[in-house]
Amino acid sequence: MIKTLGILTSGGDAPGMNPAIRAVVRTARNHGARTIGFANGFDGIFDEEIIELNDGFVTSNMDRGGTILQSSRCKRFYHEEKRTEAFHRLREMDVSGLIVIGGDGSLHGARALHQLGLPTIGIPGSIDNDIWGTEMCIGVDTAANTILSMVDRIKDTARSHRRCFLIEVMGRNSGYLGLISAISCGAEVAVIPEFRPNYARILERMNKRFAQTRNNSTIILSEGVCHTEEFVSRIGELENSDKLCREIRKTVLGHVQRGGSPSHFDRVLASRMGELAAIAILQGESGSMTALRKGRISILDLDHTLGRKKHPAMDMLRLARNLNIDFGDPVEV
Amino acid sequence: MIKTLGILTSGGDAPGMNPAIRAVVRTARNHGARTIGFANGFDGIFDEEIIELNDGFVTSNMDRGGTILQSSRCKRFYHEEKRTEAFHRLREMDVSGLIVIGGDGSLHGARALHQLGLPTIGIPGSIDNDIWGTEMCIGVDTAANTILSMVDRIKDTARSHRRCFLIEVMGRNSGYLGLISAISCGAEVAVIPEFRPNYARILERMNKRFAQTRNNSTIILSEGVCHTEEFVSRIGELENSDKLCREIRKTVLGHVQRGGSPSHFDRVLASRMGELAAIAILQGESGSMTALRKGRISILDLDHTLGRKKHPAMDMLRLARNLNIDFGDPVEV
Amino acid sequence: MIKTLGILTSGGDAPGMNPAIRAVVRTARNHGARTIGFANGFDGIFDEEIIELNDGFVTSNMDRGGTILQSSRCKRFYHEEKRTEAFHRLREMDVSGLIVIGGDGSLHGARALHQLGLPTIGIPGSIDNDIWGTEMCIGVDTAANTILSMVDRIKDTARSHRRCFLIEVMGRNSGYLGLISAISCGAEVAVIPEFRPNYARILERMNKRFAQTRNNSTIILSEGVCHTEEFVSRIGELENSDKLCREIRKTVLGHVQRGGSPSHFDRVLASRMGELAAIAILQGESGSMTALRKGRISILDLDHTLGRKKHPAMDMLRLARNLNIDFGDPVEV
Amino acid sequence: MIKTLGILTSGGDAPGMNPAIRAVVRTARNHGARTIGFANGFDGIFDEEIIELNDGFVTSNMDRGGTILQSSRCKRFYHEEKRTEAFHRLREMDVSGLIVIGGDGSLHGARALHQLGLPTIGIPGSIDNDIWGTEMCIGVDTAANTILSMVDRIKDTARSHRRCFLIEVMGRNSGYLGLISAISCGAEVAVIPEFRPNYARILERMNKRFAQTRNNSTIILSEGVCHTEEFVSRIGELENSDKLCREIRKTVLGHVQRGGSPSHFDRVLASRMGELAAIAILQGESGSMTALRKGRISILDLDHTLGRKKHPAMDMLRLARNLNIDFGDPVEV
């Protein structure tokens, strides 16, 4: 039986982490467990920065972006002897179970503690949506809405000036945000790491648009492909690219995408995942993570999911094609 | 083969209808069909209010709430002879297929035209999420986000005054918005039509909160249960209800819930449904509707879905229970 | 010299109170004074609910609506002997100056303490903008932006349905929010307490609009005039009002208007007023309030301002007239 | 008498231009003049791209950012013979008065046409707020609110990670947005072109903050000073800058600042300026611009205002100082 359940958030923060913490706390306390938080990710275990998690504190912050537990990329956790030390410290503190909310690196950390013998469950939180096995991670929907509201603003200016906007969105290893926001923002082109951009075709398309009356246009670029400067210089190497290079405006949305009050979808997803993680760990589960699969929250083995590469969904690619969004050519294998 | 595809929006408007129209238009035109819109719902067929739907028009309005085709509840369509008239008019206008975006009544209208022999497919748009067979309707996510942002604002005031807010949300026949927004807003109580409110328990709970330091609280009331006045007077009939009745503040969120720029989720859901509806009708489907099932867009027979009552999902009820949200007692059958 | 400066927020909360508190605290501390807050308005003096105000606490909450000090309408303060008691308690607590942030009633309370001998300065916070002597109160701009964003949403639905929306906004004694939001929302009619509504002219105008293609319309109603039901029944008494009465939709914006993260304008206004209030009281001022006058922050005697009725600015009435907004006829005296 | 009044928007677009157009159109039409728009700034005169401006068109777009008339920096207008050509074309089109909405360059263009003999009045629209003589330009308030909402989001992440964010805002020649948003966002440092940044003091301050518990911090950098890279490298040249250089995160807010639905303040300011511009030109005014001065809209001679440099208001600098915002040292003359 787990008497004291620890919770921490690790890696890049994502909106929805706070409602996830709240759901873990409420569910675990309803089932008789005490809940404590470690501040600052895995570092909080070493530094024994402990936050007593009661109902009032977790609830009054559920509309806040980021994480009330703070987060970090804990370098100490890359070393086996440090992970073992963390395991022993948790034991000494009578922590008999741990919930880790975070991205790929954090889930690896969760598995390591599980392998050492501490019941541990992960909850995938990452605005990039780059965790294999779950349709959505906590934070993705809020980030997509933030991108949307910013691109809608930029389009006001684009419409007023007959320009082409090149907008860099997050996604180091994953084109998810790039492709999905091209669909929701009405962009003409999505440049994503999973496909090879066809610069000549992009240029041809933009030039065609400049010849029309309604001629502003939007290109979404995932940060994982290249910088905006490089994109423009690749276009600039082609013939007839003067007009486009002159009228293109570059914007990097940056850190804004990570913040903001979590959206309805993220609060509910986070609550569902937090609830199930708490139930599962209290019932003896370990070494697993929560996942949204076919509309339901499930439990997946971390051994099964970690290290696998998530690919864009086929129906999303088909949708993009039918909406005339150019997302490049398949990469030859 | 469908040469001219008609599109109309009917019944209450929902954010996301415009991206749905855009997806139908783009997909159908990519497959060689002409697309026209009827203004003002089924009325537009009788009044021959036709809007040529080209790419520019549908795209530049995709960030707008409501519907660029306008909508209405068409009373003429309740009469069989009028529906037959509409069918013949569509034939005369060489419209060989129709996409109807709307709620339950609109989908019944779509089925009627199908039964008369016109290929027709429905797309469920309704902020109440009361259509059986689809996990989400177009507009629900935006409405839930709007409710969220308004309740977050109200909680600023509640926190400043140690008060209890009673907030009426939409949902005439369905407690979906009520229950789901209680989860995302952090409400203490959700009063929804599918369950029987336990007034004594609600009062006891609120009185307990007033005795605490952090003592503001929120009750979400679905419009389908009763008016806010009636709720308060039912509470007032109980003993020890003076404090609560004095400190309760009533707010009806009203029509605001229906508007607003569609959220990312709704734009993508609408695009997916619009795309599949266009593909399906061009390939010979009829008498069916698009549905989100287990995370994918599918096609369901209207005969199978219409007339069935959607119930709250069991995992959502369990979640609400674990989050300490009181949503009443089961209705005895 | 003031060693300990007290701060409280009283009456209805208004967005911007938190940045005002922050500015008082920073400025006063920079000038060597200690700052403490009383929770819950004047009640906090009697109940000795004291909150130590340090830099971190006041800064991390400046993006929150409402007030971190909480607020109330303190009934005890209506009695002279209680006010005297409060004065003595403040003396005992070594509070040698007090800043009161709130509306008309709160400013009266501030003057009472000044008259008893305690240096006291008021800061006008009221979303109704009903304090004579200052062009703007804290909270008005945020409330107006909230109204705007809600009316913009409602207009999505109005546009989709060819309807008339009747929207009740706050303002019990003042038509400021009603008139100014009619200007910024593009409403056709503003019904405000300072003028007499001409129901026949409103009906004529609406009927003319229903005869046009673009025929949705918006009427803004200040809560101080009458309820929405009464407005509609007054219209219903006229001839040819069937169409309008059938197509009119009523919405009461309610408590949402009071909340929300303070706007840029309100944060700056609140900061300016808080700063000047702190400087002034530390330099010996008392019995006065901060005011925005001709674009600058000034200090006005409370004796000069309290009890005076603020009238709509002539240039705003002229503007409304030139924009074809019907705001009724002058009230005969 | 002016029978046909032309309107154009020129230079960088600013939110609020559409409500300004609406106010000009409504006021001028109420006074018997016809109103036409030139598309795309002064270019629209040469290209004779004319848009008939009726009530419905201008009203239904007043919630849109950007400008429905589109805008451009017209290079032809730099040449005297081209300006003379424009003057003659306007005459031929029977345009007997012109309203120009835009920034410094656009107002120079307006004066040129006035000097040639065409009655012309300017309306200052520029999110930088860099026009001498008016306290606010159209678009500034919306831009400041956009900056606010983005910095609030970034602070979620900053708070979760104990980091320092360096945020570049617009303002090529003016630190207005930089200083004012540092006040409303609660930044520690504002680096603006009118003052000389004290890098050593900034570093010392940041290092002090890193030593505290609540240690995230924000630096606002006006684009007119330098790029974010240069700022960081200047800091990096100092001793003990390793920690800061490692934890600093750079964000360029970019084009997003220019877009968005105009705020309440901007809609009202634009309406007031548009109304007065229309009244003034119909009454024979020319060669002037509208200005917000001491809370009222006035008319200023362009000869008096153009070419003068606007300085930060003394009370804003004092406020920043009292709020502990470091904005650098005076530039020696």
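As written, the chain order gives the labels A, B, C and D, with residue 1 at the start of each chain.
Going forward, a residue touches a chain if its C-beta (ideal position, glycine included) is under 8 Å from a C-beta of that chain, and two chains touch if they have at least 3 such contacts.
Source: prediction; values computed, not measured.
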Every chain in contact with both chain A and chain B is listed here as none
Compute the distance, rounded to whole Å, between the mean C-alpha positions of chain A and chain D.
35
Let me have the rounded angstrom distance from the C-alpha centre of chain A over to the C-alpha centre of chain C, please.
40
Determine the centre-to-centre distance between chain C and chain D, using the mean Cα coordinates as centres, and give it in whole Å.
28
Which chain C residues reach two or more other chains?
152, 155, 159
In graph terms, nodes being chains and edges touches, is this line, ring, star, complete or other?
ring
Which residues, counting only chain A, touch chain B once they are in their complex?
19, 22-23, 26-27, 30, 56, 59-60, 62-63, 135, 141, 144-145, 147-149, 152, 155, 159, 180-181, 183-184, 186, 214, 261, 263-265, 267-268, 271-272, 275, 278-279, 292-297, 315, 318-319, 322-324
For chain A, which residues count as touching chain D in their complex?
9, 13, 15, 40, 64-67, 70-72, 146, 150, 152-157, 159-162, 165, 249-256, 258-260
